[in-house]
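Below you'll find the structure, written out as C-alpha cells, and then a few comments.
Every chain is named by a letter (A, B and C) in the order it is written, and numbering of its residues begins at 1.
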Amino acid sequence: MTDTLVVARKELLDLRRDRFMALLLGFILVATTLSVIVGAAQFRIKLDEYDQYVAALKASGSAVSAAAPQLFPLQLLRGSIEYIELIGGLFAIVVGYGMVAKEKQRATIELLFSRPVRRYSVAGGKVLALAITWLVAVAVVFTVITGVLLIVGRAPLQPVDIGRLLIAAAVAWAYLLLWSSLAMALASSTKHLSTGLIAVLVLWLVVVLIIPQIGDTMDPDNQVPGGLFKSLQVAKPDEHAVLAHFAGYDTVRNGLEVSSVTKHFERLSFAFLGIKDVFNQLPIAAVARQTLAYSLSLVLASAAAVGLALLTTTRKTLLRRNS
Amino acid sequence: MSEIAIRTAGLSKSYGDKKALVGLDLEVRAGEIFGLLGHNGAGKTTTVNLLTTLLPPTGGQMVIGGHDGTANPDAVRRIIGYLPENVQFYDNLTTLENLRYFGRLSGLRRPDARIDQVLEYLDFTGHENERLGTFSKGMRQRVGIAQAILHEPAVLFLDEPTSGLDPQGVRKLREIIVGLNRDLGMTIFMNTHLLSEVTKTCTSIGVLTAGELRYHDSLAATLDAFPDESSLEDIYLHLDSPRVA
Amino acid sequence: MSGFRATLQQEVLSARRERMPQVLLIVFLGMVSVSSLIGWLTHRTVTSVWETTRAAGLTTAPNPFAHAASLSYVKNVVIYVVLIGALLAIVLGVSSTLRSRKSRTTDLVLSRPVDVAVHLGAKLTGMAIWLGAILAVAGALTWVSIALIMRGALSAGDTIRLAAFFGVAWVFLLVFVVVGMLSGIHSRRETSALLLPIVAWSVIVFVLPQLGTAALPVSLLNPVAAVPVEGGAFAGVQQIVGPFALGEQFKTLSGAALGTGSPGSLGLAAFAIVTALAAGLLVLLGTRRDHLRRDLRD
C-alpha cells in the first residue's frame, strides 16, 4: 500500500468514528430531507386548491376547464440544493480544516514527517479521504432525498431524472470538495491555525452569503413582494424589453453574482434539475451546452482548491515555527 | 552502521534574527544513551527537530547512522524512531490502528506481528483494541514508544519523554529506555531538563545553553570532573552558568 | 463588586484584542456602511424601471416606492445583523468562555472569592457593552450614509427609529452571545464550541422558518419576514416553530422599528426574543462551578 493510501485509510477511519462529523452529516441529511417534505406538502396544498376550484366550477355548472398544477418532482429539491450550498459549504470547511488542525494540535504532524513519507503523500492521502468522504456523504444525501421524493412526494421518476440527479450529485461533490480543500490549504499555509480558520470562515461568509445576497437585493424584481413586474402587471416579453434599457446595471449585478463560485454551483444544479424554469424539461445535453461555462468554472475552481491543498500541506509549511 | 551514530559539525538553526542553535559540534557513539540537558528555551527541541530531519538546518552538517541528514533525509528517517513531547495520537483510533498506521508509514508491509512483539516487550498487551481517547498520559507514552521502535530503528530520539508522567510512569519509562538500549542495542538521544533522569538513564550528557553546547562528556567523567560539587544539580548549574566555556 | 468590575474590564479588553471577532467586525461594519448605497442604487433603478414602463404605456400602477419609508434604504442592514452580526455575537460569546479554558486560567479565577453567577454575569455584561459599542458605531455609520445619500440630516423621528432598530438588534444579538458562551463552557473541543452554535444559528435562521412558511433557505436571506403558507399543516407547524425562528421574529420587529413594514405580530416577536434571552441567561447564570473547570480536548 502506498503512503497516500495509508494516510487516506487512516483519515477515513478517523472520520467514520468522529461523532461530531456524524452530527454534521446527520444535520445536512435532516435539513435536505425536511426541505423535500415541505416542498411536497406545499404542492399538495396547490393540488387541493385546484380540486376545490374544479369542484366549485362544476357546482356552478361552468364548462370552463382549468389546467391542473403540474408537478416536476426534481423542482422539489430546490431547498435541499440551497442547504448544500449554504450549510454544506460551512460543514465542508469544518471537515477540511479538521484534517490539518487535529494533526497540528496533537503534535502527530511531527511523527508523520519523521517517517520516510513522500513529499505529497500526506496531503494526497488527506485530499483523497476528503474526496471519498464527500462522495459517500453526497451519495447518501441524494439517495435519501430521492427516496423521499418517491415516497412522500409520490413523484414518478423517469430514467432521465435519475441522470439529472446523478449530475446534480456530482456538482455537489465538486462544490463540497472545493470548500474542504480550500479550508485544508488555508489551515496548512497560515502560521496560526486560528488565522486559517478566520480566513476561510470570512471567505465563506462573503462568497456564500454576502455576495449572492447583494446580487439578489440588487435585482429590481426582488424589490416588491411577488415581483416588481407582476405588481406592475407587465407581461414577460415586455419585461425583457424594459430590462434591456438597464443592461449596464444588470451586467454589474450579474457580474457580482458570478464572482461567487456558490452561484455557479447553484445555477448548474438548478439548471440540471430543471428548478430554473427555462431549463425545465430541456434535454440534459442542451442544459450541459448552455451551462458549460459554469461547469468549467466549478471544475477549475475545485481543481485549483485541491491543487492548493496539495501544494500547501507539506513538511515545510506544517512544521514552520512561529518564532 | 558506523561506530558514531550521530555526528554534527557546525549545525545551526536561526528563525529570522533569533539564533536557536549555534554551531553544534557533537558526536554520539553507537549504543550510547545520550542526554541533552538544558533549561526551557535552550534549543533542545530545535536540536532534536534538526536531527530527526523535521527542520532543515540553516548551516552545518549532520550524519545520522552514516547518512547525511541534509542531503538524504529519507535515508535518515528510515533508521530513526522519534517520540515528540506531549504527542497525543488519534483518540478515535485504537492502539492497534494507531500503531498499524505509523508502522506502515515506516515501511512495514504487515505490521501486526511486529506490533504484538513490541506491545509484549513493553508489557502493554491487552490494550490493543482500546481507543486512545480513554488512555492516561503514561499509557499514551507507551504507545508513543511502541510506534517509535516498531521498525527497529538504529537511533531513537525522545523529546522530554517523562514530561507529565507520574512517578510510576517515570520509572516504567526509564526501565523501557534502558532496556531498549541494553536488549536491542539502540542508540538513544533524549532531551530532558530533569537531572535525575540523566543519572539514572544516560551514559553520556551534553549541556545546551542559549543554543550553544557548553559541555559534552560521559556521565562517569562528568561526575569525576566535578568532585567538589555536592550534587549533580550543582554540576548542572555550574555547567549552565556563563563562567564555563 | 470589584470582582465583577475586574472581570468586565478583562472581557472588554480581551474581546478588543482577539483577531477572529475583529475580522468579522470589519466585515459587519463594512457591509453596514455600503448597505445604504446598495439600497439607494436599487431604489433608483426600480424607480427608473417604473418610469420606463409607464413611459412605454405598459403600466398605470403607481411607483411601488412612492411611499417607501425614508429608512427603507437600510433595510438590508437587518439581514446583515442576522447573518454577520449573529456570527460575530457567537464568536464573541464562545471566545469569552473558551478563553479561560484554553489558557487554563479557570482554576486561578475560581480560587479567588468569586461567585460563578457573578463571574459569568460580568463576562456577559462586558460582551454586552462591547456589542453595544459596535452597534452604536454601526448606527452612526448608517445615519451618516443615509444623510450623505439624502444630502441632509435625518429627522429626529427617523433617528429615533434607527436607534430603536439597533436597540432591538442588540437584544437579538445578546441571545447569540449567550448561546456562544454556553457552548464555550460545555463543548469538549474548540472546534465544536464554535460550530455547534453556528449549527443552532442555521436551524433558527433557515430550518425553522422553512418548516412553518415553506420559504426556501436562500429566500430567507431577504430582510422581510417570510409569510406563512395558507393551508395544509403549515399554519399549525408555524404556531409551534414560529416563535423559535428568532431571525424571522427579529425581521418583524426591525420592519416595525424602521417603518418598512412587517407582516408578523410585534407582541409575539418581542416576547419570543426576550424569552429566548431570559431562558439563555437563566441557564448561563445557573452554570455549576465544576462545569467551568471542564478540560478542553485538543
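Please note the rule applied: a residue touches a chain if its C-beta (ideal position, glycine included) is under 8 Å from a C-beta of that chain, and two chains touch if they have at least 3 such contacts.
Quantities reported herein were computed from a predicted structural model and do not represent experimental measurements.
Colleague: Weigh A-C against A-B on C-beta contact pairs and write down the one with more.
Modeller: Greater number of contacting C-beta pairs: A-C.
Colleague: Of all the chains, which has the CA centre nearest the overall CA centre?
Modeller: Of the chains present, the most centrally placed is A.
Colleague: Rounded to the nearest whole Å, what is the centre-to-centre distance of chain B and chain C, using the mean of the C-alpha atoms as each centre?
Modeller: Computed value for the inter-centroid distance: 53 Å.
Colleague: Could you give the separation in Å between the centres of chain A and chain C, each centre being the mean of its C-alpha atoms?
Modeller: For chain A versus chain C, the centre distance works out to 25 Å.
Colleague: Using Cα averages as centroids, what's the distance between chain A and chain B in whole Å?
Modeller: 48
Colleague: Specify, in ascending order, the residues of chain A that touch 2 or more different other chains.
Modeller: In chain A, 102, 105-106 touch at least two other chains.
Colleague: For chain C, which residues count as touching chain A in their complex?
Modeller: Residues 19-20, 23-24, 27, 31, 38-39, 41-43, 45-46, 48-50, 52-53, 56, 58-59, 61, 64-65, 76, 79, 83-84, 87, 189, 191-192, 195, 198-199, 202, 206-207, 210-211, 214, 216-218, 221-222, 224, 229-234, 298.
Colleague: Applying the document's contact rule, which stretches of chain B touch chain A when the two form their complex?
Modeller: 15-16, 18, 49, 52-55, 74, 77-78, 80, 82, 84-90, 92-93, 97, 101-102, 104-107, 109, 131, 147
Colleague: Using the touch definition up top, name the residues of chain A that touch chain C in the complex.
Modeller: Contacts found on chain A: 20, 23-24, 27, 31, 34-35, 38-39, 41-42, 44-45, 48-49, 78-79, 82-83, 85-87, 90, 94, 97-98, 101-102, 105-106, 194-195, 197-198, 201-202, 205-206, 209-210, 212-214, 216-218, 220, 222-225, 228, 231-234, 238, 241-243, 245-246, 249, 266.
Colleague: Which of the residues in chain A end up touching chain B in this complex?
Modeller: On the chain A side, the touching residues are 1, 3, 6-7, 10, 13-14, 17-18, 102, 105-108, 110-117, 315, 319, 321, 323.
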